[in-house]
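Next up is a structure, given as structure tokens.
By written order: A, B, C and D. Residues from 1 in each chain.
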Amino acid sequence: MGKERLAELRSQLDEINIEILELLSRRAELVQEIGELKKAKGTDRFDPIREKEMLDKLVAANPGPFDDNTVRHLFKQIFQASLGLMEEEKKVLLVSRKKRMEDTVVEVNGLRIGAGQPVIIAGPCSVETPEQMDTVAAGLQPHGIQLLRGGAYKPRTSPYDFQGLGKKGLELIRKTADKYGMSVISEIVSPSDIEMALDYVDVIQIGARNMQNFELLKEAGNVRKPVLLKRGLSATIEELLFAAEYIVSRGNDQVILCERGIRTYEKATRNTLDISAVPILKQESHLPVIVDITHSTGRKDIMFPIAKAALAVGADGLIVEVHPEPSVALSDAKQQMDLPQFEKFMEGLRTSGYLPKENLIPVK
Amino acid sequence: MGKERLAELRSQLDEINIEILELLSRRAELVQEIGELKKAKGTDRFDPIREKEMLDKLVAANPGPFDDNTVRHLFKQIFQASLGLMEEEKKVLLVSRKKRMEDTVVEVNGLRIGAGQPVIIAGPCSVETPEQMDTVAAGLQPHGIQLLRGGAYKPRTSPYDFQGLGKKGLELIRKTADKYGMSVISEIVSPSDIEMALDYVDVIQIGARNMQNFELLKEAGNVRKPVLLKRGLSATIEELLFAAEYIVSRGNDQVILCERGIRTYEKATRNTLDISAVPILKQESHLPVIVDITHSTGRKDIMFPIAKAALAVGADGLIVEVHPEPSVALSDAKQQMDLPQFEKFMEGLRTSGYLPKENLIPVK
Amino acid sequence: MGKERLAELRSQLDEINIEILELLSRRAELVQEIGELKKAKGTDRFDPIREKEMLDKLVAANPGPFDDNTVRHLFKQIFQASLGLMEEEKKVLLVSRKKRMEDTVVEVNGLRIGAGQPVIIAGPCSVETPEQMDTVAAGLQPHGIQLLRGGAYKPRTSPYDFQGLGKKGLELIRKTADKYGMSVISEIVSPSDIEMALDYVDVIQIGARNMQNFELLKEAGNVRKPVLLKRGLSATIEELLFAAEYIVSRGNDQVILCERGIRTYEKATRNTLDISAVPILKQESHLPVIVDITHSTGRKDIMFPIAKAALAVGADGLIVEVHPEPSVALSDAKQQMDLPQFEKFMEGLRTSGYLPKENLIPVK
Amino acid sequence: MGKERLAELRSQLDEINIEILELLSRRAELVQEIGELKKAKGTDRFDPIREKEMLDKLVAANPGPFDDNTVRHLFKQIFQASLGLMEEEKKVLLVSRKKRMEDTVVEVNGLRIGAGQPVIIAGPCSVETPEQMDTVAAGLQPHGIQLLRGGAYKPRTSPYDFQGLGKKGLELIRKTADKYGMSVISEIVSPSDIEMALDYVDVIQIGARNMQNFELLKEAGNVRKPVLLKRGLSATIEELLFAAEYIVSRGNDQVILCERGIRTYEKATRNTLDISAVPILKQESHLPVIVDITHSTGRKDIMFPIAKAALAVGADGLIVEVHPEPSVALSDAKQQMDLPQFEKFMEGLRTSGYLPKENLIPVK
């Protein structure tokens, strides 16, 4: 008998479900119409006062058995879903896969980032001297490195630490790169420097500490140069995507995302490389994603396995710091590879199949 | 004209809202009846297969404009709210304010914890020697300290570190406490030691590393002795309450919660004292809440201001480690106060009004 | 016999200790002389190549029983200590207590921050409308609030969220503050806006996301207006002090530090208020320290106990967000108090002795 | 002239360095002799009181230019280095590479973990019914899975959540594994259950919440069964090694380490997989290391790239949760793969070369 009654109740439940769905759908259509009207008038569609009014009426009419808070909760969900309908175009970020299914390929003087073949970005932490830059570029070029990195503006925790050579550093890295037929990536830290930097760099790097320096992001969005955007020290994946959106929504869609480790309690590594961020970013966004294996780990001794992991997980490239003489480097001495170490590193990636053999042939 | 139409649409929206509410309420009543039937039959009320069936039917019938995922989301919310109705009794934790409005007062040989007057628990990190214990108890007693702490079982990161005196340590602290008319609180780490410990301790301490040692929690729930439960190194506030529920649901409602700092990236302190946890715990639970100011900070030099903050925020008491000669202590040497420091500390709390003056008069 | 031999060995150890000390001292004097010579020549005193040379020689001469790494480690410590001698002036930060024993008092139109009496900074999250600002200022003024806050430039995660009224917002808050005899604190996010902002604000706020926006810090260091510097989302206490040093080293010593919660795994609060940071900052620095109780907790319901804790721990003031109608606020709706709540909050602080009674008398 | 003087000073510095080294070496020999004497007497070699005495003497004799704190610091380093000498045998953990250069291979009924070929451990989160276990084992076996996982004792946050079938669950998984020629791995949570479990499991799993349940570790160390030890939710790499040392130091050297994600602020994944931990653990320890890709990410949708990353970085195996019908699972419904997903997953690993093709041939 209980079994029959149960079947009966269930069938009633199914009916009532459908009735609710129909009402919700009719409601949604009303909301769409209201949205159109508001749009015509230029009013903001979200109206918290009106929402409060509706909730108050509902609570006043609540016959039970739900308590008032549950009623409030359920209708907030319903309101939100309707609002979602209205703002559909707005909500989908330009950087998201929903907006664009195909992968964005960022092109830097013929080098295609995000097109399937992983790209290795290499160079010293800081641009220091012409000799240093020449030595390192001469050492990198035979390995097919086309993007030379080197910091001219160094955001340093202490005002008394080496702050980089500034514009002189940019000139120096540009000159070196030109000599060896390479492109330049270098960090810019001030919105007012973006314009000037266009003469020297091929990719503007925005560092972890500046991921939410929105004025800088906006300026980078205003130019037409590729931007490499590093994830902030404790930024969420979602916040990184929003930061990229600041750039792309200004019209610059040549953005490369960079996972570079997050700050956690673990001290065995400089930061904790959040390897899962790579496939999540690739899934949620069409932008290329690369991994800075130097800053995320801060340890030369695990650079090779970490590089393999980053490429295996689907990263479109790596950043590695290479210095002719790491022990005397002006910054980040402990984590930079020297040239023989880099050679072994590249060879390892090639022979284990993580990089194609052709890289051996110099580009130019 | 647009204005009139808007008003009209809004009034329709209000009506449809009420209709939806009525249907939801009728639906909820059906679910309640189904719940009663299931209860009678002893079936579990949550039935994921049936839920999936209903969602499939709804999606099949979805007329738009909501997309199918939104329909799924909204109805899951509705199902959940209905389920909430059914399982109402179950969901409210025994440790929560909703279950019990009045503060729980834990009584330890006449000392009332959670009754308004803050309680200071003091003693060395580890029980080491009879002399050490005697010296410290003799020094604490004149300040009105009624609860003597001291570890006999020390959970230590390395198997080669001092692991405590074990049962001998319990005997020793008991003897000392008896001599000075004090009660004993000491950590127990093994479920099988709980019974034995009843002869020696007045409050069973469960340490941070064991907050989710559920077997230990269950054993502690089976006895009738007050339990001080420390928050885990990276436990959420909610997880702490659930851990307490393990004890209380077994029948032992004499539980004291203890905030002792959480693990974060900041290294200036041993842990990061989550001071906000105290008012949140007090709000969500009726159990007394105390703050371990020694382990949360690991710094003697800020112990006094932190003690004031903990009492100001509403803690029912403090734990402080005091050792006759901290520099030679077998564990936690750097963070334990010596007796003169403790005297100054207590005097400071009294003269600034955080502790009552009467504490000056020894208990016995 | 063992005992005698032990005593003998110990006495030899004492002698050898003193000999080592004498050599270390002579060594240090040599290093000082070398430093002077280098200074005269304008050479950098730290010379990693020379250091490596010395270490190589030592390792080559190592007779054991220490292994080479231990020798390296010990001598690096010795080198560093000697270097410390040379760079003594440089190493002590301007913001540190070692540099200046007395508390820095920041003066804002007669209001003295850091002078003993806690200061309450209040106002809405964002400047929205003239009515909103007027209502809130009218409500705050009778409680003795002299510093009105309100965001004109809002750093927002999404480019599509309300970004503040910009310069118009500054004009608006200035006008409101003038009417009620209050001073203005507002966040500036772009280095190029600092100059302009001087006409509108009495205290420049640098937000958490910009704590390591070094260009902004430098600009703020170049002007002569008080700066309130918020701790970054995952900045260490040390990094906050270095960020302040960027400002002070440029000549602007009117800096207020602000603890506003750090990012952790705990989600019961918006951030985790690191209450221990307050006494540590007060100990290590002479700058005033205030606590933003709104952003650190994100919960109105615990604002009162948290305010008491912050004042008890030694903060020089609080920031609280107050909005005439929080539920319709354009940002941070859930965490802002309304005016009646704020009145109760202030009354609570006064009657419990955390704020002086005199505050009741309006300033003008 | 300055140049000559500099050369002279430097040569003096070199001489003095060597003199200091000689004294340090003589000192170290003395300390070794003292250590021998103490050992003979059974006294603890570290003697903080004696250390304090020596430091006091040194400070009293300090001729400058070092300040007293620097003297204290330098000599503490020297003392520590000497102590390091004395305790050499003690300090090197049994689990460390320094103790044993060759990789430990854990053997489970012929399956060799840590011997080069990666091992896939699979099965449902919880053992639920005979049908469920049979279906899953039948689905796993053709893919060469030799180690069947399934929880019988489930440590759950809430006491009201499904706690596992207990001993019945162990019986069930044993029976299923026997039918399909597989071995069993299952979590044990209570020290008193270890003995009993030997009859049912081939590998004892110790879960993340119990990584520092030292009583459980000790019991696991007392038996002669392989143990899989999961890293705690917020345990450091070092703490994981010490936890393993608890087991190995009791005589059970068949320990497998497991990285399973750490708790961070990022909520896109259930935990943050600390991929760098794998090569660090492999480097510092000789024990095999596997990665639980299910719990670390909590996301089925990134399981495949994460598996590749884990194998690329050098893990000796993976744990994946597979359930015949994840949507109705009693625990962890969202993160378990179903059998077709698992098939695709395995095929992907094989065709991309992360697993050998031979796995296709069933074991028995």
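Some points to look at:
One rule holds in what follows: a residue touches a chain if its C-beta (ideal position, glycine included) is under 8 Å from a C-beta of that chain, and two chains touch if they have at least 3 such contacts.
Keep in mind that this is a model prediction, so the values were computed, not measured.
By number of C-beta pairs in contact, C-D leads over the other of C-D and B-C.
Ranking every chain by how far its Cα centroid lies from the centroid of chain B, the top place goes to A. Averaged Cα coordinates give chain B a centre that lies 31 Å from the centre of chain C. Computed from the mean C-alpha positions, the centre of chain B lies at a distance of 29 Å from the centre of chain D.
The geometric centre of chain C is 38 Å away from that of chain D, both derived from CA atoms.
Residue positions 234, 238, 263-265, 267 of chain D are each in touch with at least two other chains. By the touch rule above, chain B contacts chain C in their complex via residues 234, 236-238, 262, 264-269, 272-280, 283, 296-297, 299, 301-302, 305-306, 308-314, 353-354.
Chain D makes touch with chain B in their complex at residues 48-49, 52, 90, 155-160, 189-192, 209-210, 212-215, 232-234, 238-239, 242, 245-246, 249, 263, 327-328, 333.
Taken together, the chain C residues at the contact with chain D in this complex read 2, 5-6, 9-10, 12-14, 16-34, 37-38, 40-41, 50, 54, 57-58, 61-66, 70-71, 73-75, 77-78, 81, 84-85, 234, 263-265, 267.
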